[in-house]
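Quick notes on the structure that follows.
In order of appearance the chains are A, B, C, D, E, F and G, and numbering begins at 1 in each one.
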Amino acid sequence: MNTLIFRTVAPYLSALMLLFSVFVLLRGHNEPGGGFIGGLIAVSAFAIYGIACGVSAVRRAMKYHPMSIAASGLLLAVLSVMPSIFLGQSAMTSQWLAVPFLGTVIDLSTPLFFDIGVYLVVVGAISSIALSLEERAD
Amino acid sequence: METLFSMLVGILFAGSIYLLLSRKLVRILLGIAILGNAVNLLIFTAGRLTRDVPPIIPVNNYLPLEATANPLPQALVLTAIVISFSFLAFFLVLGYRAYQELGTDDLLEMRVAEPKEHYEPPLGY
Amino acid sequence: MNEFEEFAASFLYGCVSIALFLLGLTFLMIVYRIIKGPTLPDRIVGLDLLVVVAIGLIATVGVGSSYTLYIDISLALGLVGFLATVAFARFILNRGQAKDFIIMQEVKKSDSLEGPE
Amino acid sequence: MAATKPAIDMTAAMVTEAVPLADWLLVAPILLTMTGGALAIIFRKKPATQPWIAIAVISLVVFSNIALLNHVLTNGVVTMVMGSWPPPFGIAFTADPLGALLALMASIATLCVAVFAMDSIATNERRYGFYPFLLMLLCGVTGAFLTGDIFNLYVWFEVLLISSFGMQILGNEKVQIDGAVKYAVLNLIATTLFLAATGLLYGLVGTLNMADIAIKVQALDGSGPVLGLAALYFLAFAMKAAAFPVNFWLPASYHTPRLVVAAIFAGLLSKVGVYALLRVMVLLMPEGRDWLSSLIGLVAIATMLTGSLGALAQTDIRRLMGYLVIAGIGAMLAGIAVGNEAAISGAIFYAMHSVLIMTALYLLVAFMFQISSTFSLREIGGLYVRSPMGAAIGLVLLLGVAGLPPFSGFWAKLLLVAGALEAGRGWVVAGLLVSGLLSTLAVGRLWIFAFWRGGNEHTVDGIQALPIAGSAEPKEISLTIWLPLVALTGLIVLIGVFPEGMMSVSDYGAKTLLDPSTYIASVFGGTQ
Amino acid sequence: MPLFGVEATFWALLSPFVAAALSPILAKTLKHNASWILAVIPALAFLQFLSFVPGIAEGQTFKASLEWVPTFNVNFSIYLDGLSVLFALLISGIGTLIVLYAGGYLKNHENFGQFLSFLFLFMGAMLGVVVADNIITLFVYWELTSITSFLLIGFDHLRRSSRRSAIQALVVTGGGGLALMAGLLLAGFAGGSFEMSELINSGDVLRESPYYTAIFILVLLGAFTKSAQFPFHFWLPNAMEAPTPVSAYLHSATMVKAGVYLLMRMHPVLGDTELWMTVLPIFGGLTLLVGTILGLRQTDLKLVLAYSTVASLGLLVMLTGTSDPIAIQGAVAYLFAHSLFKGSLFMVVGTVDHEAGTRDLNRVGGLFFAMPITAIAAVLSALSMAGILPLIGFVAKEVLYDGTWHIVNGGLWTAVAVLGNAMMFAMAATVAWKPFFGTKVKTPKQAHEGSILLIAGAVTLAVLGLLAGIFVASVGHQLLSPMTSAVLGIPFDEEMHLIPTYLSPALYLSMTTFALGILVFMYMDKLRALIADALRVIGWGPDKGFDQTLDLIIRFGTTLTQAIQTGSMVTYMRATFSVIALMLFIPMILTGNWPVLEGLGSLYAYEWFITAIVVIGVYAVLTARYRVTAIVLLGIQGFAVALIYLLFGAPDLSFTQFMVETLSVVILALVMTRLNLKPTDARSLRGKVFDISLSVLCGAGISMLLMSVVQLPFDATLSEFFTQYSRSVAHGRNIVNVILVDFRGFDTIGEISVVMVTGLAVLALIRVRPKSNGTSNTEKNR
Amino acid sequence: MNKMVFLMNLLLAAAWGAITGSFSPLNLFFGFILASISLFLIREQIAYREYLQRGGKVVVLAASFFLELVVSSWRVLMIVIRPKIQLRPAIIAVPLTVTEDFEITLLANMVTLTPGTLSVDVSEDRKVLFVHCLDVPSPDETVDGIKNGFERQIMEAFR
Amino acid sequence: MMTAIVSILTGIMLIIGAVFAAGAALGINRLPDVYTRMHAASKAGTLGSGLMVLALGLYSQEWDQFMRAVATLCFILLTAPVSAHLIARAAYVVGYKPCKETEVDALSVIKKTDEHHLQQ
């Protein structure tokens, strides 16, 4: 939709939505949100960007093929299931690591990576669907 | 409350089934979309309803201050929503491709896999 | 709790109830428009408004239940609601340019659209 | 004013004792296939490496499943609860003989298909997912066989279902799309029913862990809506398994995808439905099964008969195979209907056999097509002359599917008939025997038409069999075709001649299903 | 004592399978001479079995067992008594000769190796049938004989008639086998053992079991089909499509007798009852008469022999059915004799066919001088068949007449036996007289005496028939009486004589038989024409019936399949939902467990509004005339559901539902952008009414099921656990999210797999394009 | 890196702080990183643009805008609750002085949110803004209102 | 005390917001064509919701919540006019006519003279 107004607004909106999606992802453990919702918001961002600026712009923006992103998300999720094997625990037993960083303590944990994996899968797979649908139209 | 919602679920199911029984692909796709909602609402209702209180622990506590809504059905429904969304996406594209390839949106006309002219198998030896 | 505070609390409760009632009515009115149409853009406008009102409703529910975290849902809804509108606008544009049968019918009817009631 | 962290009794919150590494075998297939699937997607653009990723991963899965079965046979039912949360709170993976056996068979069949597909799947289809779909299908199937949580079972069902959708449409031909619409819609209804039933079950008993459900359902003693739920579950899984009268999707779709795909469908998918029936109807809701047993028996007989009669009625050999799948499903249902140890054991044995033989049969069809370039029973012929070895394999497989000795299917049928006789279910026996006879007729006809008939003979209705081009050397049949065919056929003969191993596993599996105490003890053993 | 010990029998049983594996290899290098080497294997087996004879004659039995499938009590067990040893001797002995004969008959045949292989497979299976003690093992072998016979009958597979006969045999014998399986299992359960040796000693247990009739019928079905009893007799003459060695071996000497073997084997437990003594003689007698009558009209020598085999099998069944010791001794003797003379005659006919190029009675004649040795073998065997002194056939006939004559009401059976034997006399004469001694006819090929491989078997068997007649006392004591004892289940040892010791009724009956036989032979041509006319008038027989039944089954299957699998998705859906509706209501109706309309609770006004929007939304989607309207309305319905989640404390759910609903609508719109669809719902009014009722029923059913669930108290243990440990152990305040990524993370990992695969599937749907639209082209791709 | 982009980046980081509700240094730093990633994704559309030069004017613009919004909503409300609605709608063309995409967009959006006007389209050559008016007795007056109101303010704020 | 004042303020804002929202809904039902209806939706609707969201932010009495409420409001303000523009433009391009009372239609002149002008 090649309208000046939309084309001008869309990139900023998309950037804002991407930011928001990461926010939703990261705080999902404590407030409503999480990888899936975050991923969907990111997809919405790409969708708006794509509708405004074209599919190829989105593809260039994502750099990697969306399905590769999805697959690496799944890999990350699978990896986050594994660490407990070295501790004689069941699969998916969560591991927590408090990392002090610039005066704040960051909780690095396997559920966090798992959630990021979910996020990537959703972003990759759903944008792949949307993009491939859009492309047929071109 | 749950009884009322059971009726709502029934209505959703009935509506989606009516759509699914249709001849038109688009209506079937709509039926699939509603079916997902129907079953999600069913799970949600089956886990009993609680007004307002989300299952989120306040920042300063280790336990919720009051009885919250049942979190497990919510998690289940979340999973189910995601799955039914994926399926819906697939079905939408499938429907689109079916229309493209088969040139019709009428299921009665989709007879490529099972053509109308049905041969008797060869008899004899 | 002094008298004023008590009043404030019940005032708020009343306001929330009234607001919720009003919003419920609003929904019904919007839905009426969406169902009635008569044109596709009308329905899209309805849907767009519905999302906006839903944002308000979520906020009101948030006030009613004291769960202020609902604000994030409002925000997200604002984001995606926009997406839906964009998609539909695009739909109208594309189908219209493809001379979609229904849209053309609606367009024809819109020629004879009556003025305000 | 942050509240101080309350004192936590960690032993109540988590399983604290060390988990033996061997227990990781329960999740190894899933983690491996997921990794493989993801890698195959990442290497999407390199069609040459994809098969090797898949074959390597599936081989690992086969080894892992062998080790798991061994683990189960030596140590009894094995459970691992994900996240170290005590059951029934965490998701338990529980391998009993039934699950471990079927998981192993599924991985073997998948390995054969993966090898077979190396030549037969076009490069661009490979790029768009044959191997990832195959791996994820195996992931879903294995997950379904090994999970001990009913909702998790639903999730694995969906994984395998969507993978099968992907495989179904590979190639995007008209006929595939048409088949896919029917396949997908009807299967979706089935899984939705499953999900609804699971939601209701949760609402009823408040738990999702299968062992816990078994306990709680037992406590309900058939009261309330338990029977209604059992009926719903039965219907949902019967649809998945393609039981009469909800089997429309199978004949409508199984002949449409690529034959390797049909092979894996026939081998795995309907068996998952049967597995779920065994798990849910026998282990979780024995009252429901008892209550429904006559109905299940009727359904079983009808399924067997529609399957074998349908097989007789086909001209397209792919569709013929589809009906044979249905007939087999009927036989397994018969075992569930009868429900005693022999019959359940028979159903398990049959499921195991069916995984191998149905996969092999579709591969055989692919092999036949390779030589004759036709699927029509009217046109096919002369294959014996072209490939005696192929004819021999064909004979073994076809007689095997009809349940004749000395092939694996015979023992399954024997157990089923024995069980039905023991239980005094004459009608079920009659159904099994008549369907066996009709199947024999169908496969016998197929074999004499395709193999024995000359390449230039006329059928009664005057249609000539397609002459096999040339007469000297048969078309080159590559190793990737022979290897899986011979391997599967070899297994079928091997199990037929030395059935004790499988028989004892099936029997053990049946015992575990009928007396859930070992299953329950395995899940709750650590905490109660 | 046995030659190499009882256990060596296992090797004897295995040896044919080894030979089967060796055959193709040896045949490739040695051509027909491979027979000489391979014949050693069955010969050794023969010796092994022969070594049991003395012991058995003294009343011993031998057992050995290997574990096979202990879980199901299936053992690889063998039981050697008079019955099984005699059969084993016939199988391995005649087998040896047949292997040699095959070398001559199929000389230079390109598939000779394969043929020998099948033959050995059959031999192994047949040996297994008679030696196996375990009934399951027996059954496995039983079915193996069916399969191998299928392969052998269809050996000449490019001929349509061969294929027909092969599948006919497979279906008839295989079908009977299925019944037998049930019968044997039932017998095993009723008798409390799967070992035949134990079963037959448990005597009356089976006869008094409530399952007796069922067992009887099922076992009979197995035996009758295998042994070609009326009305299943038709497959056997058709099986003559097989190469002659096969006919000689399978379809005269061994396999077809498996049914008789089974009846004899089970006689101790199933026999001697009213049912047994009625059914068996009737069917046996009928078979005898039908076989002889049909045999008389044949001009193909092989078919004459085939029908006479049918007749003989009928006779054997009839005799076994009398349960009389003498009659059974007669049956045993006849069985022995028949194997010798019929095997020999088949080989003779095969040799004639091979050397003269035809076996049609009208095209052969006067071959005596061309092939004298064959002729002598033919005459000897025919004499035995005709029951003439001093051959074993004569003794057998005497004993069986003796048996039938003295039993109560035996007159009828005797008459039948006499009639049948007379006609067999005529047939024997036909086979031996015209080809060798009749007027000389020009045959398609210039006839010569057959090679040693061809004549060795026939001569050996013919001579054995003579020797057995002369030394009948010893043969009777060593072989026949032990077998009779085994059949009866009690010791039996009556001395047998070649020359009748007194003018017994049997002798008179023999005289009558000869007289009748000569009469028949004299009027043979007229009789043949008469039978042919009669058959033409009837115009129908079980053989034709087989084809008709087959076609009928296939047509029925086709009709049924077309009726079920209509190809119309609408029908599929209606049927599916009808079943769903039934399954929802049946439990409620049967258990009377209806939900009550209580606990309605109350909703706030705005909750009512939102619920109303869901309902209105759904209704509007149903009635929407235009698809995009429907999509917009769908979105509304979805948003309303999301609001419901929000109002009932599920913000995550609500959040997700909003997102998903929007994206669904977006994708719908994206897809719809490209479709030009007809807007209307093209259902007839009747269809609509049906669909509405169906969907309302389903909806109501689910609704009521849900009601009855939610009206019960709820067990929230799981959620309490999650709530309790969500923050303190799992470090998360949002319990739902903690469930998703930790407590129940494995659901989520499956869920994201679904999402990923969906992405790929959609890509595959859109990106992969069929190479061309023609099916033929694309199918090559498979 | 372009200065403007850096500014934009800072702004987005601040937005992050606002969204997350925490202006701790760590969070702002994190927000900055995220913002750079987001901007990187849309890098093609934002290169070399000049905007946001006069912060103060922006505030004025925003304030007047909010006021207009309230007034505009009030008017709509008043119109729709009239028992009889009498309107003279029109689509008018507003010649544009502003030239930058950003300015045009801002203007168009503000026009939409203010009384009685709604931007329908911008001409291909970016010289005309087409505005739908709910009730215009005189189109020219409305055009002047827009040109002297928001357009002027935008030019002041961003030039 | 503070809480009480905030409560009253919140209540008032909610009521006003709801009234505006209802007005917008009324507007889209009473106004004659899609273009005029859009006026109601994009203005009153946006303000109504914005007020309610702000009310929630205020009610929380927490800085971060309030900031998010403001962010939400900004977002709505940013998107609402764009949505309106897109719908209006699409409707116009496709050919939906404004109601009869629309006397001036500057766009139609342009459209007639330049066929390609509005093409996508």
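To be clear about the criterion, contacts are C-beta pairs under 8 Å (C-beta built on N, C-alpha and C of every residue); 3 or more make two chains touch, one makes a residue touch a chain.
Just so you know, these numbers come straight off a predicted model, no measurement behind them.
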Handout entry: Lowest number of touching-chain links that must be crossed from subunit C to subunit E
Key = 1
Practice task
Count the smallest number of chain-to-chain hops linking subunit B with subunit G, moving only between touching chains.
Solution key: 2
Exercise for the section: Look at all chain centres (mean of CA atoms) and spot the one farthest from the centre of subunit B. Expected result: E
Exercise for the section: Determine which of the two chain pairs, A-G or F-G, is joined by the larger number of C-beta pairs in contact. Expected result: F-G
Completion exercise
In terms of mean CA position, the chain most removed from subunit D is F
Handout entry: Chain closest to the middle [Cα centroid of all protein chains]
Key = D
Handout entry: Distance between chain centroids, defined by C-alpha means - subunit A, subunit C (Å)
Key = 29
Practice task
Please compute the C-alpha centroid of subunit A, do the same for subunit E, then give the distance between them in whole Å.
Solution key: 61
Handout entry: Geometric centre distance via CA averages, subunit F-subunit C, whole Å
Key = 22
Problem - Whole-Å gap between the CA centroids of subunit B and subunit F - result: 41
Practice task
Would you pick out the residues of subunit F that each touch at least 2 other chains?
Solution key: 15, 19-20, 85, 87, 108-109, 119, 121
Fill in the blank from the handout: So subunit C residues touching two or more other chains come to 20, 23, 25, 27, 44, 46, 57, 61, 67, 69-70, 72-73, 75-76, 79-83, 86-90, 93-95, 115-117
Exercise for the section: For subunit B, write out the residues touching at least two other chains, lowest number first. Expected result: 20, 25, 42, 45-48, 52-54, 56, 59, 61-63, 72, 76, 78-79, 82-83, 86-87, 89-90, 93-95, 97, 107, 110-111, 113-114, 120-121, 123-125
Problem - Touching residues (chain side subunit A, partner subunit F) in the complex - result: 3-5, 7-9, 11-12, 14-16, 18-20, 22-23, 27, 49, 53, 57, 60-62, 101-104
Problem - Residue ranges of subunit B in contact with subunit C within the complex - result: 52-54, 56
Problem - Residues on subunit C engaged by subunit E in the complex (per definition of touch) - result: 20-21, 23-25, 27-28, 31, 34-35, 37, 40, 43-44, 46-47, 50-51, 54, 57-58, 61, 67, 69-70, 72-73, 76-77, 80-81, 83-84, 87-88, 90-91, 94-95, 98, 100-102
Handout entry: Partner subunit B, residues of subunit A touching it in the complex
Key = 30-32, 36, 125-126, 129, 133
Handout entry: Residue ranges of subunit G touching subunit F (in the complex, touch as defined)
Key = 19-20, 23-24, 26-27, 30-33, 35-36, 38-40, 42-44, 46-48, 62-65, 67-68, 70-71, 77-78, 80-82, 84-85, 88-89, 92, 98-99, 101-108, 110, 114, 117-118
